[in-house]
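Next up, some structures in structure tokens.
Next, two complexes with chain A in common: one pairs it with chain B, the other with chain C.
Moving on, here comes the complex of A and B:
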């Protein structure tokens, strides 16, 4: 059993709904995107090509962050194949951040959501950020999602790292990751990539997928099929 | 769609659609009609139009040759009107060579797209967005684009563009009986935006002054023409930000002695208000009916208050109710009488006693044809309000393709290349002002005269500012994270601005 994700680049429209859904689900502060992107624009007008690659923790089978962690705070979950993080064991050494070849692990230098602790109002009669949090009762931010707390602290501690968990709290409820559910074009498929009969495995067989920087031997479990630009049809 | 269809995207900008398209046509801004007309020209010259919809020459011999007129009697139209007139008045000279020069697109690309469209007809989706027509003289650009769907038989047909399935919600009760003399006189005043004047035909649904001329509002206030504005109630708009020339709107709002503004958030317009009424946000804080259409279905749902943040009020029920109560205290009870007497729960007959109840009753009344079995209008069937309320959405029956062929809602009932409908509307407007149609065109800054006004035709775009001083052309951009045309100031939005090529996080860019 090993969860993995297939992203069909032909279906992806680069809308960032995955990124926004992830932020809403996982309470990430400004500048931290568990689900992020790599974009590139190539060519010369009018022959220009744009590519958008949605990125996140690859939940590598051979995870360098896990190997580097001195306290086993970063670990591979035996039942699901997920690469998970236990903040209680995290000593903030950042070995995982340095060793992750994909740059998807973030370190909390400060207590998150500082902007929501500001007390200034834009104008009298408006809420200050702090007052708004108090009014709606969020955990550090008015957007905070209490469901995240089920398996990972909604409000992360200063001096610890954080990254995508493939929404393990949703998987435990039989739901798909938030980014998969939010994708308006159905570009993201999620399932057991170790099971050859799963839909994700069948897509891999049909289209031949690839992971990012596979030459490093990390065996990423986020895999991409087809191209972002228009496919030439017969 | 990309698995099954070839996509050609016409946009001066390398838009999200252009990024995924087989063909990107980076057209010179404002020249969309030139391209559409040249595509139509090629489609006719090469005999690629959809004959089951448009018809054909009586003897089947194609007489459309560049630069040459055609005898109208030689063509038998089916579900269209005025094809040969259109050709003779306009299309015969709109060659791809001409369009290539005007649009700055390669002629090979114009020919290739025209032939691809013809080969795929009638399974062609001609989809026009606002960039094509929300510009000066854009009406004829819009007509030129839509006319392609007609030529290709792609109007009201599988794969083509469809008309919005009607949403059979009920209208709100008539308040005419509650108007006193002051109200009746007020309603008969000319509208502040000068709609319907000679220079502002606003011919929505063919009626002179039937549309809105929002951009004119600021000038009217500043010039006190048709009259000065003493009190203004603005609700859920942000004209000082969203309109062209916002500075003029700022000046106009400064001039208004007393301004009340109902808004969800602090905004550019809010700075000019004497009183701000905090309004509930639509999605979570108020009752409202939402309708949409897609994939051949019309849908109606509703929104209801779920949370209350701060001291806000619902702008279409609670705020009018508060206004009505305040007026009643001053001795003007008609508005409150109207709300209390004319609105009633369709199931219990209970009248509203406050604004929130009014909101709920309004939704229930508006959606009644969708949930009341006695008024069944088709689509999803419900046993009553409770089931509809629980389900949350009503879907229409599937769109019936080709049902509007010969029944297009035009003067002739057909798809009009020569628009008798526009002709009647323009003539009606001209008559109202005791002038001829050419005078209307002249005053409205169109170059066409005579019959050309009634067919899709080329009007050179008007450039604002001197080309020497301003060599760049401004193309209004709708970022892919925008929903509709409205801006968004949420920091998740600004933080992800770089989802578009050339854009930077947290920054505005020119590209």
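Moving on, here comes the complex of A and C:
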């Protein structure tokens, strides 16, 4: 079994709901997006083309980050095919960041969510960020998701890396990743990419999927089908 | 029990430390130590980003570790070849070797995010990782050099000297080459790819290691003896850099930024030529050049931005460092 994701470029409208859903689900710090996007503008006016490619950890079959990690903190899960990270083993050498050809692994230079530890109040009578966290509860931030803790700490440690886990805590409950559930146009399909009868495999067969930077031999498990283009309705 | 003498000079007063050299050492220890401790345990002040993650501390580690490698190889060669001009200075070379390596490990500790988790190098090893091999080779080298120093201080010599020298020679060479492999095996980063990085590291290790001796062991027979080899090694590094420069200039690979500044081979060639007339200055310039080569190499491979980071950083970026970090 190997989980994978198909992103239909024709259906993706670039709303970034996936990015926001991921952020809320996984409690990522300011500046870190496990689910992110590549945007590029090509051509010259009036023939201009805007491209929006949603990206995240590709959970590569031949993951360069796993090969580079000296302590097996970055590893392949044998049951699910996911590329996961064990922060308790991470020495913060950043070899995974250097080796990832997709730029999706982030390093916590400081303890995350520093802004929520500030004690200054904007005005008398207000909560300071720190007081708000103490009042509301939450792991480092009032928005933290306690369910995230089931498989990975929602409040990551300073000096370790972090990245997308395909929401492994949700998968364990039979749910889809938060980004898939949040997508309003159904552009994301998730499933067992090794099973030829799964919906994702059928989509692959129908449209022919492609991964990012496949020429490197990483065998990414996030694949893209179709191109975005205006459809004429008759 | 007969405790051997360690030849410690007790005839030293406070006034002996009131010199410019010691003042610089103290300033360096205070500033560097403060920055290092702050970086390790409190917060983050290094000039880094989500894209350029390996910076001055790691480069300093490489520089010091490679320098110590060069000294180890020289000493092992002296022992195995029976070169008395080298072996007469065994104790001095072992102390220098050990000091540089320990300094390198301290710099590395500043770079690593979670040094407490280092135990997992032993508990959860990944033999696929060049960094794992590099760490183990340098740890083994540290142990071997420490054993040699203890034996030397205690005046114990015997049949195991040669096997230890062989082990040090092989492990040191392997350690330097796996430093190169740590980046040479990274895929998708054109400036890092290839076996050349391992050869470059070995060349820099030898050139820098010998240059340290010429700089520090002035007016000695040892410095005179190895100055010729040091110059040849600087010439070799100059040739290697020149070949890289020509290759980069001709290359059409997408993303190849080119890390060799045209002044680098010139600097090493100049030190090779001028080493006869001004050995210490040339050797000092070899050290500066070695650090420059490592800095440029490590940084340039990270300047090509991948994936979603391009939205924020652009496709290629530059990386200035800070004086306080170098200190």
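FYI, the second predicted complex is superposed on the first by the 230 of 234 C-alpha atoms of A that agree within 3 Å, B and C clash if a C-alpha of one lies under 4 Å from a C-alpha of the other, contacts with A are read in each partner's own complex, and residues count from 1 in each chain.
The rule we apply is simple: contacts are C-beta pairs under 8 Å (C-beta built on N, C-alpha and C of every residue); 3 or more make two chains touch, one makes a residue touch a chain.
Remember, it's a predicted structure, so these values are computed and weren't measured experimentally.
**Student:** Touching A:123 in the superposition: chain B (first), chain C (second), both, neither?
**Tutor:** Once the two structures are laid over each other on A, A:123 reaches chain B alone.
**Student:** Between chain B and chain C, pick out the one touching the greater number of residues of chain A.
**Tutor:** C
**Student:** Based on the superposed arrangement, let me know which partner A:93 touches: chain B (first), chain C (second), both, or neither?
**Tutor:** A:93 sits against chain C, while chain B stays out of touch.
**Student:** After the superposition on A, what does A:70 contact: first (chain B), second (chain C), both or neither?
**Tutor:** A:70 sits against chain C, while chain B stays out of touch.
**Student:** Where does A:14 make contact in the superposed view: on chain B (first), on chain C (second), on both, or on neither?
**Tutor:** first
**Student:** Could you say whether A:160 touches chain B, chain C, both of them, or neither, answering first, second, both or neither?
**Tutor:** In the superposition, A:160 contacts chain C only.
**Student:** Applying the touch criterion given at the start, work out whether A:39 contacts chain B, chain C, both or neither, answering first, second, both or neither.
**Tutor:** Both: A:39 reaches chain B and chain C.
**Student:** Between chain B and chain C, whom does A:30 touch in the aligned arrangement: first, second, both, or neither?
**Tutor:** first
**Student:** Quick one: is A:55 in contact with chain B, with chain C, with both, or with neither? Answer first, second, both or neither.
**Tutor:** It touches chain C, and chain B stays clear.
**Student:** Identify the overlap between the chain B-contacting and the chain C-contacting residues of chain A.
**Tutor:** In chain A, residues 31, 37, 39 are touched by chain B and also by chain C.
**Student:** In their shared complex, at which residues does chain C touch chain A?
**Tutor:** 43-44, 48, 50-51, 53-54, 111-115, 117-118, 120-121, 123-126, 128-132, 135, 182-183, 185-189, 192, 301-302, 305-311
**Student:** Which bits of chain B are touching chain A when the two form their complex?
**Tutor:** Counting only chain B, the residues touching chain A are 2-4, 6-7, 14, 16, 19-22, 24, 26, 266, 276, 307, 309-310, 480-481, 491-492, 495-496, 498-499, 501-502.
**Student:** Which chain A residues qualify as touching chain C in the complex?
**Tutor:** Interface residues on the chain A side: 31, 33, 36-40, 55, 64, 66-73, 88-95, 97-104, 106-110, 157-161, 212-213, 216-218.
**Student:** Where on chain A is chain B touching in the complex?
**Tutor:** Where chain A meets chain B, its residues are 10, 13-16, 19-20, 23, 30-31, 37, 39, 41, 45-46, 48, 50, 52, 115, 122-123, 125-127, 132, 135-136, 228-231, 233.
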